[in-house]
Every structure is written in structure tokens, then in C-alpha cells.
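For clarity, chains are labelled A, B, C, D and E in written order, and residue numbers in each chain start from 1.
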Amino acid sequence: MTSELFLQYLVAGITYGSIYTVVAIGFNIIYNTTGIINFSQGEFVMLGGMVAITLHNFMALPLAILLAVLITMAVGAAIEMLFIRRLRSPSVLRMIIVTIGVSILIREVALHLWGSGVRSLPYFIGNEITTIKLGPVFVSPQVLWVVGTCLVMVVLLLLFFQATSLGREMRACAANRVAAVLCGIETRNMVTLSFVLSAGIGALAGAVVSPITYSQYDNGTGLAIKGFTVAILGGLGNSLGAVAGGLLLGVVEAFSVSVVPLAFQDAVAIAVLLLILFVRPHGLFGSGATAAMKEF
Amino acid sequence: MLKIRNLEAGYGKLRVLRKVSMHVSAGEIVAIIGANGSGKTTLLGAISGLVGATSGEIRFQDEDLTLLSASRIPARGCVLVPEGRQVFAAMTVEENLLLGGHPLAREKRGELDGLLAHQYELFPILRERRKQLAGTLSGGEQQMLAMGRALMSRPSLVMMDEPSTGLAPLIVRDIFAIIARLRQEGNTVLLVEQNAKAALAIADRGYVLETGKVIIQGPAEDLLANRDVQRAYLGREKLEG
Amino acid sequence: MTLLAIEHLGKRFGGLQAVDDVGFTLARGAIKAVIGPNGAGKTTLFNLIAGMLSPSSGAILFQGQPIHGLQPCQVARRGIARTFQNIKMFHGMSALENVMVGRHVRTAVGFFGAMLRTPACRREERAIRERSLELLDFMGIADCADTPAVNLDFGRQRAVELARALALEPTLLLLDEPAAGLNIYETAELGRLIGRIRDLGITILLVEHDMSLVMDISDEIVVLSFGRKIAEDVPEVIQRHPEVVKVYLGE
Amino acid sequence: MSAKEFVFLPVMAAVVLVQLFTAASDSAYYLTQLTMAAYYSLLIVGLCVLMGYAGQISLGHAGFFAIGGYLSAGLTTRDLLPWAESPVVRSLDALGCLNHGQDLYGAQLLTVAPWAAAAAAVLAAALVALALGVPVLKLKGHYLAMATLGFGIIVYRLVLASEYFGEADGISGVPGFPLLPGLTVSGDSAGRVANYYVAWMVLLVAVLLLRHLIDSRPGRALRAIHGSPEAADAMGVDVARYKLKVFVLSAVYAALAGVLMTHYNGGIGPSEAGVMKSVRWVAIVAVGGMAHLWGALTMGVLLNFLSLRGVFGSYDDAVFALILIAIMLYAPGGIFSLLPDGRWRERLASLARRGKSGEAAP
Amino acid sequence: MSVLRAGIVGAAIALWVAAAPAAWAETIKIGALLAVTGPSSFLGGPEARTLEMMVEQINAAGGITGKKVELLLRDTAGNPEKAISLGKQLLEEDKVLAVVGPSSSGETMAIKKLFEDNATPLISCAAAEVIVNPLASWVFKTPQNDSSAAIKIFEEMKRQGIARIAVLVDNSGFGKAGREQLQKIAPEHGITIVAAEVYDAKATDLSAVVAKIKANAEVQGVINWSVVPAQSIVVKNIRQAGWQVPIFQSHGFGNIKYAEAAGVAAEGVIFPGGHILMAAQLPDGHPQKSLLLKYIADYEGRYKETASAFGGYAYDALTILRRAIEIGGTDKAKIRSAIEGLRDLPGTSGIFNFSPTDHNGLGLDAFAMMTVKDGKFVPYQGK
């Protein structure tokens, strides 16, 4: 393999990885405060893209994206308050089933709302063929937007969770629900907040990746599965792990193109997931000890 | 300050507390003692809202706590240090303490730094460990952290559930010394303990629970001398029927 | 004759030595109790014997054979049955079916036999049912056989759990706080019941908080504190043992 | 016959009555979709035992259905003539495992005989379940759900990417499955009534076997694992082994359903392996009430029948999603828990007791 | 008059009005099995909408030979098993005269035997050649042959001196059929396929695989054969990689949405397209011109979306059926032989010339090479 091809694969891998990471972080936020894997996370990504595209017909791009994020956040809150909150004595099985049901429902509503056609936001900078030449490698500026958004998001989230009292309270809910209640924290609101937050993150991701991946009523599921794989790779609930896991999976996928027929690429990604689940269910980067400190 | 009348509570079909009545006045240390399974923890759970009361009332500063959800009770000034510490294991000591300040009204959040300093003074070991994850602390340190966390919101009533459980005797002595000091600082303490002697030694008054009922109550010294208390711990006379 | 021998048993959880060099023996046909304050290591000890944990050091010999490190189901197959402190009924099953599960290790029908309902399967099924009904009867709750077990009151659930354990035809019965949650009358009844079980020739080891029960029925008592054995003797001696009194009432 | 088996009589009567009614009203075409619904229900009752009685979720059961269906389809349609001289093919031929026939257009064809293909397909599914089950069943909750989902996706991807399995087109032209002389599992309208009875016979026998299983030693062990794994373990139930066995059993049911459905339809496509299918099967089991074999069967037949008739039109998936959510939120015990008191069950039970005493009511 | 009575009278009038079409002497039942939802919905959606529109138009114009057409549209969601179930329902229960669809080749193959057994005409909207070759007596298809598209592409490549190519296809039935034809026909045109990749229909980025084929220095041209949105991604990724290789697409590119999605990256892409894509540019008097303009105007006016070649497949299917029924009446066998006898029938995809051995009826001339210029499809004029 030439170094040029190697670098080009690497760039492709980083692109995929950043997209997956942003989805994985959405999973982590909800998992961290509730212990739920929200199988409808991918739908937030789809909604973010579709709503932004629709709004872009009427307003400037930044405003459309902002509004799309806010609308998706409202959807996230509604899902939590309409469905998750109403689960009496929720077993893991029932939570899985409900979030899967919600996911299908959102997708079907989207199908009948927007149709099955594919849409996309315009490239933020330049157009479909604009590329930046970094040494021997070609990169679309949108890739830089995705990677940048991913980085900024991770940093902001880390700051939010580490340095603000609200973030601390959300983490407290995750660490020990009873103790959080005893500290006077309204855990219900924290759960709603976590849905709002991850919906917002998903929507932003959906808008930023839309020029690259396009938006369509059913492209959330595929992203959700990749995002979940990444979340597991990095250790459920571990945002920095998700970054590492995302880049790893993205790069593996990109390089796998050179050995495995492309048609089997997804099977490779899922096989990686299974392997991790069997060997190190707490993830490649999480340690068993810290995982044990969490309640979930 | 705290007045409980005919409280009944339990889990599902299991009724643990049967018509419990008791009170705590400001500035007191009140001990609740009794064997395992006598309902002590359930009583504290009911006061702090974790366990639903089926009947009776819990009046705290003229407000009925049974009507409030658990997360609203700390803001009223009634805080529980739970059994088994329940610290936020994956968070640092300082974060744990700051979370304890959550019930403070928004305008008083500025006092957090002062309160933090106060806890560090009360529990110097916590200052040394402030950047460590709480889960890595020893049992005694975790107990102190849990107490410090509860005191962060300057509660008018601190409830402590079995602070000595699983701790070495030397550390237990330290813990009780601190509880005694809390009272000197004007705090009110409701203490649930298995270690009856240690608890009664620092308490003003005490209640003895057995199978969910208050069987004896009175000043701590009287209870210490009471032979029935000893009986409650080391075997009852045989029952006929 | 020694049925169960615990030798230098130790269990460490991270930095905590939950059970520390504990040793005692249990004679066939005896009732022995393990007591101690909260956090003394009783439950850990219990779980070590039942196979839910494997020891960090030391040995557990049952009928002369080491059983430490075995899975709970393997321990059960050796003839050790147990009950749980917070009763674990099988949800969705009747009281009778709960007890019938107890016959598991004494019966043999597999998937194919059961699905095809072979004559051997029918025979065995009938035997299981009869034996389980007998045990419910022995517990005095035959009338609840068809009631879903979780709908029974606490005392009866205890009885079902005991019947389930007895269905295994154990040589050794481990009781984890059998009196927890029972009122004084039920506790007294339980004491008599344990006596009758011993009369069936079953050896009993129990962990218990209720002193009246322990003092009443035990042949011998082991006292644990901070994971160590601090006393082992007959109830009368234990009751006056200064170390024990100190542990329970404080200094 | 026990109370639970007593239910079989009315069900069998209903099966016959439906056929007679369709014959009388000249609407035999209903039987086609009832036959397909019965085959899907075969998978569903197997999944019901896994989920409801043993408490293990599987979001990958369409994968086992596909393994059964695709292998059977591939082996019975892919021409072996180019390899006719290889020792493997020759020895298979000598064993009578091969069929010499002609395709739709009259060309010579050497394929594996349906019964041998079916056996191989079901065996393959069992082996896959065994190999997968060992690591997967150690997982719990979300991890188990995700791992089984992952398995389903892998199967989907493999059939979609393999030329042998026809990629996106799937496999068509699958021959009928000769059960007895004059009785073939196939979609020919001439054999419609016979096939209807075959499907329902298979389904009811399958349910009867499961019913027997549930009400006996191994079945109680399974339910005990669901009720309390620790207590089951302490009673001597080897939890890991039992979970594995029931996983394999349900995989075999799914594979068998796949085999029969494929021969009945004369083909199979990748949509049968899709994730949405797996989710749908879980949904139907949940609607039926998880630990409720008859509930799963009823809802399996009903919902599949309606879906196959296109009653939900373009809202097919949406309807299933709504049902899922509504059941989980408002009737976690399944749709039959909404019936007043479940008194119908008691009445049935008392009828059964009159039929024969001695065995317990449900 | 009381409100209630007004209501009753009103309802009676409404009923009478609604019952008016009962004046039709007889109805012709035509079934349709289309993937309105699911992964092939971008095919089935326009097809279904086209049929609904046409049936309305036909009935408004007095039906076929005076009989009303009743369309029984069933959504298969692209699942073969549903196509089988609903197909049997249409045949046995609804007793349709003929069926239009399915949208995908997999579904068509799954129900091929069914229609042979039931001796009912099936006019598929899927492109794969295997549907009509080997020949099945009751099965027809309207999309142009894949081999025609492949030949058109190869001929253009030869003109440009391209001999070594890379082939990218999606993993739908369309992509599969295309790959088979390309591999079969390439040697006949002296073209070597040096790299072939199959990507997932739901792929979101293909820059890695583009990098891979770009690294193959032999590649002089790329053919992408696909019917899914990802075909726009391929084009984008190739241009973003700074690779100016000639890009050829299949007739699956014949939906302006794909060109729009690829934006400027689609400029210069060459592909064989049906005349529907260049209706306005057709010379006046071209047999297809007027019907294409009318179809496009009707469809776009009614559904506010661009008419595509896909909807045209269904248009042609129903047009063929209509003509055959006009000739052969409502007898299935007569309809079949009427279709086989159709000559010079203009449709959206081309001019159909059926025969007992050709159940597609379209030739190479059904395609014209096209390209994208300024975001529009225009006839390709050569380099």
C-alpha cells in the first residue's frame, strides 16, 4: 500500500469515526443517567438532518440547524415524558422494546411526512467537489466540519459534566440513584434532561453529516447500530472511550476495504462488536474496576 | 422539630413499621436501637421519603413529610446519611461534597466554598483525599464523606443509619466523637445504631424498636441500665404458643 | 462424625478481608448457628459454602471432599440445599411447582424425554408431584399448592422455600436468616419446624440474627466479628461470653 | 390430558372449522395466508419459550429462520452437476441424498434432496445456535439484546452479500418438500387444503411438545431460571446449560419454520433475515404476554395473517411499533391481561378438571 | 326542516351520487404489487403514484372498452414473501385480470412461477434481464434490458478509448443484475474489468473504496451501476478525491434527484437514459414525445415531484395492458397473445416491439447516452 493510499484510508476512517462517535456519545449520555440504551438514538440523527433541510427552505443555514436541534430536543423530551416515564417497573427487556418501538414509530412518521426521497443540506463551505489538499491527501471541507464538531462537542460535554453543577448532578444520578435523591436531586428531571441533551447532540450530528451522508427517513438505524458498536468499544458511558472507539472502528472499516469485499464491511463491524461483547463487555478502554463502581 | 405519629410503612405486602410514634427536639441526639430486622432502617427511609408510609404522619417543622417526594425533603433541612454510606463512587470526594450542597437554596450557593472548608476542617482526611474517587476510600473515610456530604446543606436534622457498620472499633470511636461534636455545634441528630452502648453513650434519649414497634423509650442513661435492652439483643424469653 | 469442615477459610474483596481464617466443623445431625453483627462476614461465609463465591484461601470439605470453587448447582448436587435471606420464590410458578423444582437434582428427564412425554417421564413426573405435595403437607401448607408462590404471605413463602430445599433431599441444609421478617409467633413455629427437619436426619447450618431462635434451637454457635471467628460454643456459654457481649452491645 | 392440553381440542376444532367454512363459502384462498401465518407462528412459539419462560431476549431470531430457509433453498436449487464427479457429491448420491431433476426451463439439474437439505439446514441452525449461545448467553440485558441483534445483522449481511444465496434477489424456484407420497409442502393451489393441515399439524404438535416441556422437569428448571437465577442455581439447575439448550431449541424451531416456509413459498429473500423481522417476532411474543404460549400463538397467527393480507398497507411497520409501545406501557402482561380477570381461563380449567382429575389447573 | 332530516337527506344524496359509477357495466380488475415502502420505495413510490393517476385518467375517459378499471394496489415493502402472499391474494381472491409489478427483481423472480401456474399476465417493473430470459410465457417487463444499457456504455467507452475499467454496484437486485451483465458483455467489447466492488445500498460514505480503486493505476473509467441514493455519494467521493476519471452510470441514474444530490459532482457523468429524461429535446414528431410530455406534466402537476424513469416503468406496464385488453378483451390468454403481438407501441422507456420470444420489447434504441450539464439531464454530444 502506498503511503498516499494509507493516508487516504486514514482520512476516510477518521470521517466515519467522527460520525459514529457523535452518535455513540448520544447513547452514552442517556445510558449514564438512566441505564437505558436508547435504541431510537439514530432517529434523533435522522430528525436533525431532515428538520434542518426542511427549515433551510425558509431560513439561513445556521438558523435552520439551530432550530432543528431545538425541535429535536423537544422530541427527545416528549419521548421521555410520553413513553419512558410511563413505564411502570421497567425491566431492561421492556425498556429495549419500548425504545425500539419508538424508533420504528419515528421512522414511519418521517416516511409519511417527508417521503422516502433522499435530501441533504448544502455543503457548509464550497460544494460537492471542493477539496482541500493536505499533502498527498484530499479532504472535503465538510469532513473538517464533522471532525471539528465532534471534537468541540466532546470537549463541551466533558466540561459540562465535569465543571458545571448540573453536569455533576446528572453524573450523580448515574453513579447512585438513591444517594442522588438523598442529596435532593430530582432524578426524573435529570432523565428528561439526558434525553433532551442526547437528542440535541444527535440532531446537530445529523445536520453536520447531512451533506456527506445525505438524510433519509431510514438512515438513522444504520448509524445507531454503528454508534452502539462504538459505545461498547469505548466502554458504555465513557465519552473519551467513544472517541477512541469511533476512530478505531472507522479506521478499521476504512482499511478493511482493502482486504474484505465491501459487501461484507458491515458484517465485519458487527463481528467486532460481538467479539468485544464476548471478551471485554466493559469495552476496550473502560476498566472493569471503574465499570464496577457504577451502579449499572 | 420532628414528630411521628402512628406511622406504618413497609415494602409491598410486608409491613415493617407498626404504629410507631416518636419525636426529636431541636439540639438533641436521639438514638434508635434494636436488633436487625426491627425496622430501624425502614423508619429512616420513611422519614426521608425513600419508603412509602401507608398510614400515620411525619411532621417536620410543621410540614407533613409523607406528602413530599424524597428529592424535596433534603431542601426542608432533613438529611439522611444512609446505611452503607452510598457515596458516589465514580466521583471525586470534592464532587461528592458539592453534591451535598444541592439542597441549598439558589441564593445561598455562594456559601458552598465556606461549607466545603468547614467539612474539611471537621474531617481533615477528606481534604487530603479531595481529588480521589470516592470509591477508592476506605470504609471509615467513606463514612466521613457521607456525613460531610449530608452536612453540606446545613440541615436542621441529620439522620444517620448505622454509621458504625463494618468499621474497625478505633474508627467507630472517631465517628462517634464527631457525632458528639456535631451536637455541640448545635446540630440535631437522629441516630440509628446496632451498637447500642456506643449510641446511647452520646445520645440524650433513645427508642428501642422490636419487630417494628417501639417497645421502650426514655433518657439514654435509663436505657443503658435497662435489662430489657440487653434482652432485645441477646435473646428473649421463650414464647409460648 | 464430621459432615462439613471449614478450614482456614478466607475471602478478600479488594481491600476488605470479609472472611479471615475461619475454621470450624459441623457434625452430622447437628444444628449449628453462625451469628455476628452486621458486616461480620456471615453472609460471605454462607455464600462461600453454597458456591456463590469461591474462597481466596482455605478449604471447605463436605463428606471429606473439597467443594470450594464448585458452582452452586454442583454444590447442590452434592446434597447441600439452601434458603435465602430475602426469600427467592420462582415468579410465575405455583407453590407446588416451586417445590417441584427442588426435585431437580434427584430426577433425570431431559428435553427430549419431556417434550415427547415418554412413559419414564410420566412416571417421574408423578413421583415428583407426590413427593412435593408430601413436603407441602409436612410444612402444613398443602392447601396453597396451586397458589402462585409470590401471592402467598411472607410466612408461607418461607415454608415453601424450606419445602423446596427439602425436596432436594439434602444431607446439609443451609438456612440464611430464616426468621428475618417473621413475627414472634411465626419465629417460634419456625424453631419447632427446624427441629423436626433435624429429626429427619438433616444437618443444619444457619445464619441468624434472631437470638431467641438461635439460642433456642442451636447445638452450637459460631460468632464472627470483622470476618474472624471470636467464639464457638454451646448457646449458654455464648450468651455470657464477654467478647460476644462486647461485640453486640458495644464496649 | 391435563388442563393445559385440554385447550388443544377447541384449537384443533377451530382449525378444522375454518377449513370447512372456507370450503363451504368458496373462499379457500384464506388458507394460503393462514398456512404462512402458521409457519411464522412456529418460530414465534419457540421464541416465546426462550423469552417468556427462560427470560432470554433474542433480537436475532430471523437469522435462524433465514439459516434454515436459505440453506434448504440453496441446497435444493443450486446445481451440483459441475461437481457430479467429485467424491463428496458421488457419495451423497449413493446415500440417496440427491435429486436428479429439471429446472423451470427444462435443463438438467442435480440438487440435494429436500429432506436431506432440510436436515442439514436445521442441523446447521442448531450448531450455529450452540456456538453462538455459549458466549452470548453469558451476557445480560442490553448486551444480550445487542449481541443477538448483531448476530441477526451478520446473517442478513451474509445472505445479502453471498452469490450462493442470490444476494438481493434471494433464491426462487425452490421445489416442493415431499412429506408423504401425494403430500408435498408447496404453494400449489391444488395442495392448499392439505398444506393448511400440514402447517397447523406441525404448529400444534410443536406447541404440544413445548407445552410438555414447560410442564415437566426441564421446563420448570427454565421457568425457575427466569423467576430467580440464583435460587435455580442453588436448587442444582445448571443455569448456563439450560439457557443454551433452550436457545438451541428455539433456533431449531425457527430454522424448521424457515425450511417449511421456503418450500411452501418456493423461495426466500433477504427480507426474511432482516432486523425488522426479528423485532416483529419479539413484538408478537410481547403482545401475546411473554410467558404465554397460547397468547403468542394467537397473536402470531392473527397479526401475521393481517400483515400478510396487507391489511395495514403502508403502515405495516408503524402498526407493529404502535402495538409494541402500547403493550409495554399499558399491558405489560400481554394483550390477554386486559381481559377481565382471566376468568375464561379458570372456566376452561374447571372444564378440564371435570374431564380428568388429578392434575393441576393452570 | 330539522337539522336531523337535512342530514338524512344530505346523506341520501351523497349515497346516490357515490353509487352513480355503478353505471359501469363491468369492471376490469388490475392488480399492482409495488414496494411503496421499504428499501425499494424510491421505485415503488413513483410507480404506485403513476398507476393511481393513470387509472383515474382512464376511467375519466370512459375506461377501457367501456369498462371501468379497478386498481388493486398492494404494498409489498420489497419483501418477496409478501409479494407471494399478496400475489396469491390478487390472483385467487380478487381474481385480477393481470398484475403490474413488482418493483424489484427478487420479488419478480419469487412470484414468476406463481403467475405461470395461474396463467395470468405479470408485467414487471424490475429491470433484471433474468425476468424475461429464460422466457416465461406469462411474464413481461417494461424497463429496458440491462444488457442494452451495458452495450451503450461500452460502445461509448470504446469511442473514448477506455479499455480498463472499475465497476461499482450497489447490493440491490438492480446492482446485482447489472454486474452480471457487465461482466458477461465486457469481453465482447474488448473491455477489461480490473476492479469490481459491491457497496451497501444504505452506504453513507464511500471515500475509502474510491481511494482503493483510484490507487489502481490501470483504471481508465468507472462504471457505477446502482439505483439507490448512494450512487450520488460515489460520484461525490470520486470528485472529492481530486480524481477526474470519466464516470459512467447505469440507467438507474435516471432520476434528476440523484443528480441534484450529487450537485456539481454530477457534472459530466455519462449514462444511458430513457427518452423520458430528454422529452423536451426530442424532435417534434418523435413517437414518444407527446406522451412523455403529457405524462411528465400530469405527474409533476399532481404530485409536485419530478417524474422519473421509475414511474415510467409502471406507466408503460399499464399502457401495454390497456392496449392488450383493447385488442384481446378480458380473456387472459388473449391478453397475453395480444401483448406478444404489440408492435411499435410508444411508451416512456422506448418503443415496444413484443414477440413470443421477446417479453421486453425494447431495443438498444430505447436508450440515448445522456450527461449532466448545469444540473440538468441533456443528450450527450460526445467529447
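A few points about this structure:
What we mean here is this: a residue touches a chain if its C-beta (ideal position, glycine included) is under 8 Å from a C-beta of that chain, and two chains touch if they have at least 3 such contacts.
Values in this document were obtained by computation on a predicted structure and should not be read as measured data.
By the document's definition of touch, common neighbours of chain A and chain E comprise D. Most remote from chain C, judged by the distance between CA-atom centroids, is E.
With centres defined by CA atoms alone, the chain at the far end from chain B is E. A comparison of the B-C and A-D interfaces places the larger number of contacting C-beta pairs at A-D.
For the pair chain A and chain C, the distance between C-alpha centroids works out to 49 Å. Note: centroid distance chain A to chain D, computed from Cα atoms, is 35 Å.
A straight line joining the Cα centres of chain A and chain B is 42 Å long. With centres defined as mean CA coordinates, chain E is found 75 Å away from chain B.
Multi-chain contact residues of chain A, defined as those touching 2 or more other chains: 261, 263, 266. Under the contact definition stated at the top, the residues of chain E that touch 2 or more other chains are 37, 171, 198.
Of all residues in chain C, none touches two or more other chains.
Every pair of chains that touch is listed here: A-B, A-D, A-E, B-C, C-D, D-E. Chain contact summary for the complex, chain B toward chain A: residues 48-50, 70-75, 79-80, 82, 86-91, 95, 98-100, 102-103, 109, 133, 135, 149-150, 153.
If you check the complex, the residues on chain A that touch chain D are 37, 83, 86-88, 92-94, 96-98, 100-105, 107-109, 112, 221, 225, 228, 232, 236, 261, 263-264, 266-267, 270-271, 273-274, 277-278, 281. Residues 37, 39, 41-42, 45, 171, 197-200, 202, 204-205, 207-209, 211-212, 214-215, 229, 232-233, 236, 239-242, 257, 261-266, 305 of chain E touch chain A in their complex.
Residues 209-210, 212-213, 216-221, 223-224, 226-228, 230-239, 245, 249, 291, 360-361 of chain D touch chain C in their complex. Touching chain D in their complex are the following residues of chain E: 36-38, 74-75, 77-82, 84-86, 88-89, 92-93, 104-107, 109-110, 112-114, 116-118, 128, 134, 136, 171-176, 198.
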